[in-house]
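Chain naming follows the written order as A, B, C, D and E, and within any one chain the residues start at number 1.
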Amino acid sequence: MFTLESGSGFWNPILWILVFVIIFLLFYGIRGFGKSAYKKGTEQTKVFLSGNKEPSPEEMHVKASNLYWGFTTSMKSLYSVLRNMHTGNTSDYILWFVLVLVVLFLILGVM
Amino acid sequence: MIEYLPFIAVVAMILIGLYAVVFRRNLIKMVIGISIIESGVNLFLIMLGYREGGVAPIFTSLPSGTTYPGEMVLPVPQALTLTSIVIGVAVLALMLSLVMHIYRKYGTLDVQKIRRLKE
Amino acid sequence: MEKRMVTGILVFSLLAVFFFFSIFQLHPFGEPGQVQMDDYIITHTQNETGTNNGVTSVVFDYRGFDTLGEATILFSAVAGVLLIFRRVRH
Amino acid sequence: MTKIVRTTANILFPFTLIFGLYVIAHGHLTPGGGFQGGAIVASGCALLLVAYGSPWMFNCIKDTRLATFESLGAIGFITIAFLGLVFSAVFFGNFLTGSGSLFGTTPATGSTLSDFNTGGVLPLMNFAVGVKVIAGLFVIVLVMAYASSSKEWD
Amino acid sequence: MTILEALLQHSPALIIATPLLSAFLLPLVSRIHAKVRDVFALVMLGVTSCFVGLLASDVLSHGPRIYIFGAQNLHVPLVRILFEVDSMGIFMALITMMLAIIAVIYSWSFLHQEDGLDKYYTLLLLVVTSALGMELTGDIFNFFVFLEISCIASCALIAFWVTEGEALEAAFKYIVVSSVGALFVLFAIGIFYAQYNALNIATLAHLLQFTFLDKIALVILLVSLGMKAGLAPMHMWLPDSYGRAPPSIVLIIMSATLASFYGILRVVFTVYGNVLTTSLRFSLPVHVVIGWILIALAIVSILIGVIMALIQTDLLRLIGYAAVAEIGYMFLAIGTSIAALGTSYATVALHGGVLHILNDAIDIGLLFLVAGAIYYVTKKRSLDDISGLARNMKFTTVFFLIGLLAVAGMPPLNGFTSKFLIYESVYQLNPILSIIALLGSILLLAVFIKVLYAAFLGPELPELQDVKEAPKSMLLAMGLLAGFAICIGLFPNLLLDTLVKPAASALMDHAQYISMVIGGL
C-alpha cells in the first residue's frame, strides 16, 4: 500500500517521514541546550546594523526580476535566442505549427 | 490527372488560407484565411462523397429509373460538411467580435503591433 | 523578417509537395472506394428512419449526437459573443 | 437607410420568412432542414436590421429575449433526445417512426411522393433546431451591429 | 431491471447530457437569483460526477462498456455514433470532474462581484461537457465536434476580463491556433473516411493498413492535438491564455488540454495500435520512430518551459510556462513507453505518464489557485510589486509551499511519485534523457523558490499592510487540491492499483478495444 515499486527501485514515503521526524527531534533536542535568556519585546529583538538605522521596506525589497541575475546574465546568449523565438505574433504560432508539420512529414515520409 | 483536379483545388485552398494566416498582417485578413482553410476542408469532405453521375440521396419524387444505391451520392459526407459549416459560422462570429474589441483596445489591426504578450 | 519570409516559403513549398503526393493516393474523384456504410444508409433510410431525405436521416438520426454537439457549438458561440459584448460595470 | 431600402425590405421580409419556414418544415422531405431554414430566416431579420438600423431593432427586441428563445430551442432539442431515452429506451431513439401516430407513417421504399406525415422525431428536431438557429444567428448579428453603432465604440 | 442498472446502462449518455442540459437551463435559472445559479451549477456537476463514479466502478470491475446512440444493438456497418468507455477514458473523466467541481467552488468568491456570470457558468459547463465527450467518445468525428466545442467555449472564457486588452489578445491567439489545429484534425478525419469509409475508432483501428495517407493523417493528428496540448515549439499560446484567463478558468482549460493529450494517446495506442510494430525502411519499427519524435519534442518542452519560466515576472504567466514543462514530462513518459514497446519498463513509463496527468492537474491547478488568491487580495500581477505576503496570508502560503514541493517533484508529495516512475523508466531507455528530466525538475524548484522569496518572504511593503486572507471558498478549493497532493504522495499505490494500472493496460490492450465493437457483430 505504501511502497511504490518501479521495476528497478522502490520508494516508501513512510520510511522517509520516519527519518524526517527523527532528524527533527534530534535538532529539537540540540536546540534545548541553548541559553533560555531570550525575551521578546526587549533590546534583544531589535535589528542592529552596527548603529545605523534600519532602512525602509522599499529599500530592502529585492525585486523578483533581480533574482537569479547571475544565471540569466551567464546564459544571455541562450535567452536572446529564446526571446527571439517567443515573438508574441499570432502568425508565428501558426508558422511554428506548419514547420513542425513539415519536419514530421519529412521524417515519416522518407521512411 | 483530370479526375484529381478537385483535390488539387482543395490543397490550393488550404495553402492559400495558411498563407493568409501566416503572411498577412491584418487581423481581418487572417480571419478570412481561416475561413478559406475551412472551405477547403469542407470541399474535401463533400468531394469524397461524390459518385459519377449520382443524384442527391433524396427519395421524394426521385427520377424514375434511378437505381439506388448505385446512382446516389454518399449522404454521410454531406452531413459532416453541414456540421463543419455551422462550426465555421460559430468560430467566425467569435473571432470577428474579438477583432472588434481588439481594435477598440489597441487602435490597430496590425498583428505585428498586437503583441503585448511576448517572451 | 527576411529570415521568416524564407522559412515560410521553404516550409510552404514542402507542405505543398507532400499534400500533392498524398492526394494522388486517394481514390479518383467520382469513384469512392469503399461505400458500405453509405449504401446501408441509402437503402435503409426509408424503412428505418421513415424519411425520404438521406442527408436529414444521417444528420438527425444516425449521427444525431453530432447534431446535438453542433447545436451546442452555436449555443456556446452565442453565449461567448454575449459574454464578450456584455456591459461591464465600472 | 433611405425609404426605398426600407420599403424593399418590408416587401421582401415576409417572403424570406415564409421560404425559411418552408425549408424548416420540409426538412425531412426536401433538401434543407433546421439549420438552412434558420439561416434563411435570420438573413431576413438581418435585412430588416440593415434597413432600419440596429438601435431601432434593439428597442423592438432585446438580446436577452432572443437568447432565451435560443436556450428554449436547445432545451427542446435535447428534450426530444431524452424522450427517445424514455420511450425507446435509448438516447436519441427515433420513437415515433412506424408508430402510426404523428409523423409516424413509414414511406414506401423507392421513389415516393412527398408525405408530410413521415420522419418520426426528425420534423420536431428540425423545428427545435430551426428556432435555435434563427434566434442564435440573429442575436449574434444584432449584438455586433448594436455594439459597433453605439457611442462608446469610437 | 432495477433503477440502478438502468442508470448504469445509460450513464455514458447521461454523463454528457446532464451538464449539457444544465448549461442550456442555466441562462433561465440565473434569472431567479445569483445564489440559485451558483448552487445549480455545483449540484449539476455533482450529479454528473455521481454518474461518472457509477460508470467507473462498473468499468473497472467488468471491463469496457459500449453505448450506441439511437439503436439498441450493434449491426454492421457501424453507421451510428457509439461511446466506448474503457478505464483510460473514465480515469480522464474523473480528473475532469475533480477540476470542474474545484473550479466552481473557487469561482464563488473569486468572481462574486463580476457581472456576466450566467454566461460564465454556462460556458464552464460547456467546456466540461466537451472534455468529457472527448474522453468517452468512440467516434472520431464526434471527437472533432467536442474538440471544437472546447475551442469556442474556452476562447470565450479566456476573454472574460474584456476590459483588459491582453485578455482579448490571448483569446484571439487561442482561437486562431485551436481552430487551425481543429481544421487539420478534420482534414485527417476526411483522409480516414476516404480510405476506409468508417468513422468509428475501433473500426478504423481494425481496418488500418499503414499506407502513405495514414502516415499523413498520423502526422497531422499528432501535431494538431500536440498543439492543443501545449507541446513545444507550438506552446506559445499556452502561457498567454493561462496567464490572462481568470485562474478559476485555467483549471477548466487545463481539463480540455489534458483531453486533447488523451486524444494523442488514443490515436497512437488504439487507432494505430495494430501497425505500431510494422517495420519501415532501414528496418525501423513504427513505434520507435514515433516514440523518439515524441521524446524529442518532450525534451524541448521541458527545457523551454523551465528556462522561460525562470525569467518571468508575471506570476500567472510563470506558472503557465511551468505547465508547459509538466506537459513535457507526460510526453516524455508516453514517448518512452512507445519507443520501448513490449519491454518491462515501457509499462512503468506508461504508469508514470498516466499518473502524471493527474499530478499535473493537481499541482499546476493548486499553483494557479494560489496565484489567483494573490491577485484577488493585491490586484497586482507582477512579482516585482508584491512582497512579504506570508505575514497576512498564512494558509495561502502553506498551500503554495505544498504546490511548490509537489510540482518540483519533492518527496513525499504527489509530484514525486510519478516523476520517480518516469526517471526510473527513462533511465533504462537512455540515461541522458533522465538526467535532462532531473535537471528540469531542479530548475522548476529554483523557479518556484524565486516566487516564494519574492511574493511571500521579504519585507512587508506599506501598500500591502492591510491585505486579508483569501475568502473561505477559495481556501476550501485550494485545501482540497493540497489534500489530494498529500494523499497521493503518501499512498501512491492506492491510486496506482485502482485507477492507473487498469488505465495503462487498457491503453496497451488495443485488441480488446477493437474486439468490443468488431467482436460484437
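Here is the rule we use: a residue touches a chain if its C-beta (ideal position, glycine included) is under 8 Å from a C-beta of that chain, and two chains touch if they have at least 3 such contacts.
The shown structure was predicted, so the numbers you read here are calculated from the model rather than taken from an experiment.
**Student:** Hey, what chains does chain A share as contacts with chain C?
**Tutor:** B, E
**Student:** Give me the fewest steps it takes to get from chain B to chain E if each step has to go to a chain it touches.
**Tutor:** So the least number of steps between the two chains is 1.
**Student:** What chain lies closest to the overall centre, CA atoms only?
**Tutor:** Answer for the innermost chain: E.
**Student:** I want to compare two interfaces, C-E and A-E. Which one has more contacting C-beta pairs?
**Tutor:** A-E
**Student:** Centre-to-centre on C-alpha atoms, which chain is most distant from chain A?
**Tutor:** Farthest chain from chain A, going by C-alpha centroids: D.
**Student:** When the centre of a chain is set as the mean of its C-alpha atoms, what distance in Å lies between chain A and chain B?
**Tutor:** The mean C-alpha positions of chain A and chain B differ by 47 Å.
**Student:** So what's the Cα centroid distance for chain D and chain E, whole Å?
**Tutor:** 36
**Student:** Please report how many Å separate the Cα centroid of chain B from that of chain D, as a whole number.
**Tutor:** Result: the chain centres lie 23 Å from each other.
**Student:** Which whole number of Å gives the spacing of the CA centres of chain B and chain C?
**Tutor:** Taking the mean C-alpha position of each chain, the two centres sit 8 Å apart.
**Student:** What residues in chain A touch two or more of the other chains?
**Tutor:** 82, 86, 88, 90, 92, 94-95, 98-99, 101, 105, 109
**Student:** Using the touch rule from the top of the page, what residues of chain B touch 2 or more other chains?
**Tutor:** 14, 18, 21-23, 30, 48, 56, 58-60, 76, 80, 82-83, 86-87, 89-91, 93-94, 97-98, 101, 114-117, 119
**Student:** Among the residues of chain D, pick out those that touch two or more other chains and give their numbers.
**Tutor:** If we look for residues of chain D contacting two or more partner chains, we find 29-31, 35, 67, 71, 74, 78, 81, 91-92, 94, 107, 109-110, 112, 114, 137, 140, 144, 147.
**Student:** For this entry, which pairs of chains touch?
**Tutor:** A-B, A-C, A-E, B-C, B-D, B-E, C-D, C-E, D-E
**Student:** Which residues, counting only chain C, touch chain D once they are in their complex?
**Tutor:** 46-53, 55-57, 59-61, 64-65, 67-68, 70-72, 74-75, 77-79, 81-82, 85
**Student:** Where on chain E does chain D make contact in their complex?
**Tutor:** Residue list for chain E touching chain D: 10, 13, 17, 20-21, 24-25, 27-28, 67-72.
**Student:** Can you tell me which positions in chain C touch chain A when the two form their complex?
**Tutor:** 4, 7-8, 11-12, 14-15, 18, 21
**Student:** Any idea which chain B residues touch chain D in the complex?
**Tutor:** 56, 58-64, 66, 82, 86, 89, 93, 96-97, 100, 104
**Student:** Could you list, by residue number, the parts of chain B that touch chain C in their complex?
**Tutor:** Counting only chain B, the residues touching chain C are 3-8, 10-11, 14-15, 18-19, 22-23, 47-52, 56-60, 68-69, 72, 74-76, 78-80, 82-83, 86-87, 89-91, 93-94, 97-98, 101.
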